[in-house]
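The following blocks contain the structures, represented as structure tokens.
What follows is a pair of complexes built around subunit A, which joins subunit B in one and subunit C in the other.
And then the complex of A and B:
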């Protein structure tokens, strides 16, 4: 089924909000650094995961488990144990980035469906087909670095289902390869499961503005009327050559509502919504808009035009409260 | 878009009062009304931490800690200070706004221990609204349902 809507769930309440508002599947993580949203108090213990699965399956929806960080040698068993628990719980798929963990999963749980995480950073059909050939992956989530013609090229040359990010926080263009936060904190998203560990983040209201710091390094200073963003190094303002500006990336959100007809036509299998760290209110609001949009585009792809109310609702929720088509639409290559 | 049928509050009603009496009143009221719904949460990792809730438009600062029997007045230096208007706090409580959304637009300010702030946010997000409503006194539950429905 094309254009399944895949929504984030950081808690059971969010999971139910996503299902109730029309998600075809939700994705979640366990309560440790086996997933890339390892924030304190977020995510699911085993009992909550079981209840979430029941809730989704009773309504004919699916649950995917993100195990998308890279296992470290001394704690390898934490990741394999998570794969075992996913299989035992009856997860509809696990979303993996690490090839070693894929090998473990295919040998120990051959029936378990594997998705290649965006953190796996596969941007060509050759890479996607490599994971298909060696580990039997059924779906790949593409990094937000490709233009739509490049996505189409991947879709046309693989049997693997392709999932694209449709909305939410935008990663600087090196997903799965980013070491920026390590530079400040010694912890990278790939190994520690977060870009900016909360314990290293400080917010201070100063006469000059609201300052965000990561382990003491000044990331940004927001004037009284400026919108704030997440305290990540990639979205900080830095002095370069005498100018102070967003030297790496602006805090803005991806929003691809406009591109839905093209995504449908090229055979994209699923649209993913970012934001497991967000609250149930966000999940409910975003899911509602995207459900309506996907239903509308399936009914009439050629006449599809995003409703202004949808865009306004999504803009309100966005980091930087503005949106971009990201790399999907660009004249250059 | 949400329709916002949330009352706006008259100016700086409490701004001239010292914070202890409102904080004491808040702790007593919260223990009576909210604690039955909140006591099932895992407060263990938060033992001994101090909070301040600043209701900006009312000039109100509520300072407390959470112990095994509920909210306790505590005027020590807060580990975490959350500031917003009364209306925005109500929207958050009613789950009609997402805290990150309010944060991006500078309507919600969190100062102090960021990790503590995330733990509290995620703890409250994980509360099942139906379970909370069923443990609130009936008139309050009715008012809360109206607020949540918008």
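And then the complex of A and C:
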């Protein structure tokens, strides 16, 4: 079935919110650095994961487990244990980035469905097909860097289902190929499962304005009437050639509602909503809007137009209250 | 342990590129990586030009490796990649998994580049079976992690470590140099040519932080392992990668060569020609921008 809606579950409450509001599948992580949202207070222990699975399966929905950080040599067993637990729990798929871990999963649990994580940085069908041939992946999540025609080219040249990010935080870099966070703090999504970790964040009220720092590095300074956002490294204001501006990316969110008809027609298998770190209320609202939108586009792709109420609702929830089509829309680049 | 000259990460004029590699023939590097690995819009040198340079450097006794583009977006990127792989005269460095597929499919040995994200011996094992003869750890990997990884590494794969230069940290579909000039990427007017060592990005209090290089983001600090040669030798590292800069590259190579020969004063000579502050935090398992006092080589 094309255009499945895949929603974030950072907790059991969020998982239920997503399922209740129409997610076809949710994705979650275990409570450690085996996934790229290794935040304190987030994610699932084994009992909660089992309960989440039961809740989803009872309602005919699926649960995917993100094991999408890169295993470190000394703690390799943590990742293989996680794969084993996923198989035992009956996860509908595991989302992996690391080739060595994929080989382990293929050999030990040949029946376990594998998805290639966005952290695997596969941006071409040659890369996607590599993982298909060697590890039998069923689906790949593409990094948020391709334009829509480039996505279509990937879809046309592979048997692997393609999943795209539809809404939420916008990574401006190729996922899995960004070390900005570890350059600044020592911890990156690849090796620690975090980006711009909260423990490195420091807010200071100064005469010049409210300052956000990451491990001491000044990311931004806000005037009295400016709204301060979470200090993600790539969304700070910096000086380049005498200008101070958002040199990498503005604090904005990805929102691709407008592109749904094209995504449907080109055969995109699933749309992913970012945000396992978000609240259950956020997950409920976003899921509800996207469910309605996907149902509408499936009913009538040619006549599809996002309802103003959907956009208004999503804008309220967006970072910086603004949104972008990101790389799907070429001029953004 | 010998020296490698990494691929040129910046965009220079054709004359400057040819002059640079003409000089490199005489430098004490065992191998030279060639090719455009950052941006498909950079076309002052096309593949035939790189191959001609490769022949010249090989004739001068250098091992030549062709580096593939790290971010593949379009069918035309794939065409370039296929042409590069099918040439077959030179070893190729694979910088993403599509290149690995093509190289292993052709039965060609290859170098597994640092952006393949080889964080553990199992993944290195996968690549070794597919034909990797040399590999580079991710630039964020610490000495301690590399020690653990190499304890279980498969035989027959040489390790090369990024040992000098601004760190390549991130890749994007967006061009940050074009963005700086308010130009669309498709009409970037090749402004990278004006910045032979990238475009400096500082914090709002003037601290150097990053370097914008088209779609690539680098560190402002210059990663330097010249003080770590004993540890690198103990690990059995086969080669050290020195990343090109527009000025004084010969003196960078000389400093490393004399450090390898155990001569004193190499570090001081290196520091004088570095285009930014030294950093080595990654090697010590810390934030990349940190630096220990650069020790005497």
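Note that the second predicted complex is superposed on the first by the 329 of 333 C-alpha atoms of A that agree within 3 Å, B and C clash if a C-alpha of one lies under 4 Å from a C-alpha of the other, contacts with A are read in each partner's own complex, and residues count from 1 in each chain.
Keep in mind that, in the parts below, a residue touches a chain if its C-beta (ideal position, glycine included) is under 8 Å from a C-beta of that chain, and two chains touch if they have at least 3 such contacts.
Quantities reported herein were computed from a predicted structural model and do not represent experimental measurements.
Overlaying the two complexes via subunit A leaves subunit B and subunit C side by side, clear of any clash. By the touch criterion defined above, A:248 reaches subunit C but does not reach subunit B. In the superposed pair of complexes, A:146 makes contact with subunit C only, with no contact to subunit B. Of the two partner chains placed by the overlay, neither subunit B nor subunit C lies in contact with A:61. Centred on subunit A, the angle reaching out to subunit B and subunit C in the chain A superposition, using CA centres, is 120 degrees in steps of 10.
Set against each other, subunit B and subunit C differ in how many residues of subunit A they touch, and the higher count belongs to C. By the document's definition of touching, neither partner reaches A:323: not subunit B, not subunit C. Residue contacts after overlaying the shared chain place A:37 against neither subunit B nor subunit C.
Contacts of A:186 after superposition on the shared chain: subunit C is touched, whereas subunit B is not. In the superposition on chain A, A:210 contacts subunit B only, with no contact to subunit C. For the pair subunit B and subunit C, the least inter-chain C-alpha distance in the overlaid model is 18 Å. Across the two superposed structures, the residue set of subunit A contacted by subunit B and also by subunit C is empty. Of all residues in subunit B, those touching subunit A in their complex are 1, 95-101, 103-106, 109-111, 114-115, 117-123, 125-129. Residues 10-14, 39-42, 198-199, 201-205, 210, 222, 224-229, 231, 277-282, 285, 309, 312-313, 316-321 of subunit A touch subunit B in their complex. Taken in their complex, subunit C has these residues touching subunit A: 70-75, 77-78, 81, 96-102, 115, 117, 119-127, 138-140, 145, 148-149, 151-152, 167, 169-176, 179-180, 184-186, 199-207, 209-210, 212, 217, 219, 281-282, 285-289. Partner subunit C is touched in their complex by these residues of subunit A: 70-74, 76, 97-101, 103-104, 120-127, 129-131, 133-134, 144-147, 150, 153, 172-174, 176-180, 182-186, 188, 190-191, 215, 217-221, 237-241, 243-244, 247-249, 327, 330-333.
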